[in-house]
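What follows are several structures.
What follows is a pair of complexes built around chain A, which joins chain B in one and chain C in the other.
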Partner chain A sequence: MSSVKVDTLTGKTTAKTVNVTVGASVTQSLEQGLAKAFGSFAQNAYPDTGYTQDFAGETFNFSSITDISSGLINSAIINNTSATTYSAGCHTCYFGSTGTSNEMDGVYAKTTGGWKMSNTYANGSVRDANYTGILLHGSLA
Partner chain B sequence: MSELRTDTITASDGTSAVTLTKQSAAKHWINMDAGQTINGSINTSSIVDNTTGDHAVNLANALSDIHYVVTGSNIGSVSGLDSGESFVSSGDINTTTKYEFKTRHNGGSYYDNGVNQLHLNGDLA
Partner chain C sequence: MAGKIIADQIEHSTAGSLDTQYVVNGSAKAWVHFDAHGDAAVSGTPISRDSLNVSTIGDDGTGDYTVNFGSNFANGFYASSGTGDHAQYMFCVDPSINPTSSAFAMMFSYQPGAGSDIDIDNVSTIHIGELA
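Let's look at the complex of A and B:
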């Protein structure tokens, strides 16, 4: 086992491209595999988790995550993406008397500086969720 | 402050995967529309439209097992409804080189939504 201790890795040919071995022989750009933003947000309080209403938990590269109306969240990132063809995923959790329901969200109105997302309950209605996890993959500008 | 400039990093034996301390890089992500156009991705060989709201993604490099994690969201394709459509991930036909997923309308029926965005984490073979 050997290790290299360094503070910054930079591609020799292209600054952002450092390829790493990720399988038996497959190499992949490290930059392409790393999430460029992640965060968690609660529009409604989530009991026993520490999430209060409109609370943002741990975040990375987000300047803001905002409750803009029922079931709708707006996000803004600090470092913009290079295009709007990035992949933004989020996942919603509803907590209630009948148990916890996990529903995937809609992501829309994407720009290189952020996007909006909607939380959809199991019956199809758009409503505030108790937890939304957010993840972005793609390239930064 | 030190800086290492290089194009490729491989484990010390010359072949094994590099360990990223306390973190894992995604092995695949994709932004694709319902018309089966890939807008951006890594590690994708092709996409398949099985039927309405039912899609498959074939991977260029295989995973080491089928217990990887796929997450995703979508953008609706109907004006006024783009805030209410949902995504259903299906693990029933996942293999080391392919995963499938379903999307549905906010009314509950399976539906081809505008843009699908998925991420995969796990180990490559």
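Let's look at the complex of A and C:
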């Protein structure tokens, strides 16, 4: 096995551009493919997982993930994005009296410093989810 | 090309090491942010705002879109995730069009009817898998 020992990878021509071979011959920018933030959050306790109410699990590049109100979450990131056109994905899970269901997650109020998420169920009302997984892809400032 | 390193592992002086397979397999191979509703320049036609490895976005009808990749995946079994800004409408894989190595079709539907899709803004999708 070969190993490269470095603290920082920096592109020779452009600092953030280090290409990686990701297919048989296709190369891709390492920076563009990396998640710039990830996190998980429970507005309600998540049974058997250790998630308590309003608990943020493991996170990366989030300064905070907080409960705004029923079904609504605010996130703030440490290193801002360069624009608001980043790709922010989130998925939620809800445990109800009739079992587990996927809710209809929505991302809104995007800024370079974070965004808000909603957890909506079938009739259009929001409610607290037991789990929300969050991913950010795009360029940082 | 300025140079090339071929290695199985990258090691940081204090933060630990990482097999480069995680760099290759764990990186998103495509992602996109697009708008298809509500913007002055948009009227149901998806417009890409930022993306990686997405060549075009097809308009398949109200609330239905296809992301076409610049470099194809090895097959149609990559992982995809997505969301949009209209909370009542759910992102899902278009059940009538299987993902292929070159394209991913999605729809935003209001439960439980798939016939009442709606055009969405602030759509984000992420695709992770092996490229061809």
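Some points to look at:
Keep in mind that, in the parts below, the second predicted complex is superposed on the first by the 136 of 141 C-alpha atoms of A that agree within 3 Å, B and C clash if a C-alpha of one lies under 4 Å from a C-alpha of the other, contacts with A are read in each partner's own complex, and residues count from 1 in each chain.
In the analysis below, a contact is a pair of C-beta atoms (placed from the backbone, for glycine too) under 8 Å apart; a residue touches a chain by one contact, two chains touch by 3 or more.
Just so we're clear, the structure is a prediction, and the values are computed from it rather than from any experiment.
Under the clash rule set out above, the superposition-derived model of chain A with chain B and chain C contains a clash between the two partners. Once the two complexes are laid over each other on the shared chain, residue contacts for A:Thr10 go to chain B alone; chain C is not touched.
When the shared chain is aligned, chain B and chain C each come close enough to touch A:Gln28. In the superposed pair of complexes, A:Ser118 makes contact with chain B and with chain C alike.
By the touch criterion defined above, A:Val107 reaches both chain B and chain C. On chain A, the surface touched by chain B in one complex and the surface touched by chain C in the other have residues 1-2, 4-7, 9, 11-13, 19-24, 26, 28-30, 32-35, 83, 85-91, 104-108, 110, 118, 120, 124, 126, 135, 137-138 in common. Those residues of chain B that touch chain A in the shared complex are 1-12, 15-18, 20, 25-27, 29-31, 39-43, 61-62, 64, 71-76, 82-89, 106-108, 113, 117-119, 123-125.
If you check the complex, the residues on chain C that touch chain A are 1-3, 5-14, 17, 23-24, 27-29, 31-33, 49-50, 52-53, 71, 74, 81-90, 111-112, 122, 124-126, 130-132. For chain A in complex with chain B, the touching residues are 1-2, 4-13, 17-30, 32-35, 71-72, 83, 85-91, 103-108, 110, 116-118, 120, 124-126, 135, 137-138.
Taken together, the chain A residues at the contact with chain C in this complex read 1-7, 9, 11-13, 19-24, 26, 28-30, 32-35, 83, 85-91, 102, 104-108, 110, 118-120, 122, 124, 126, 135, 137-139.
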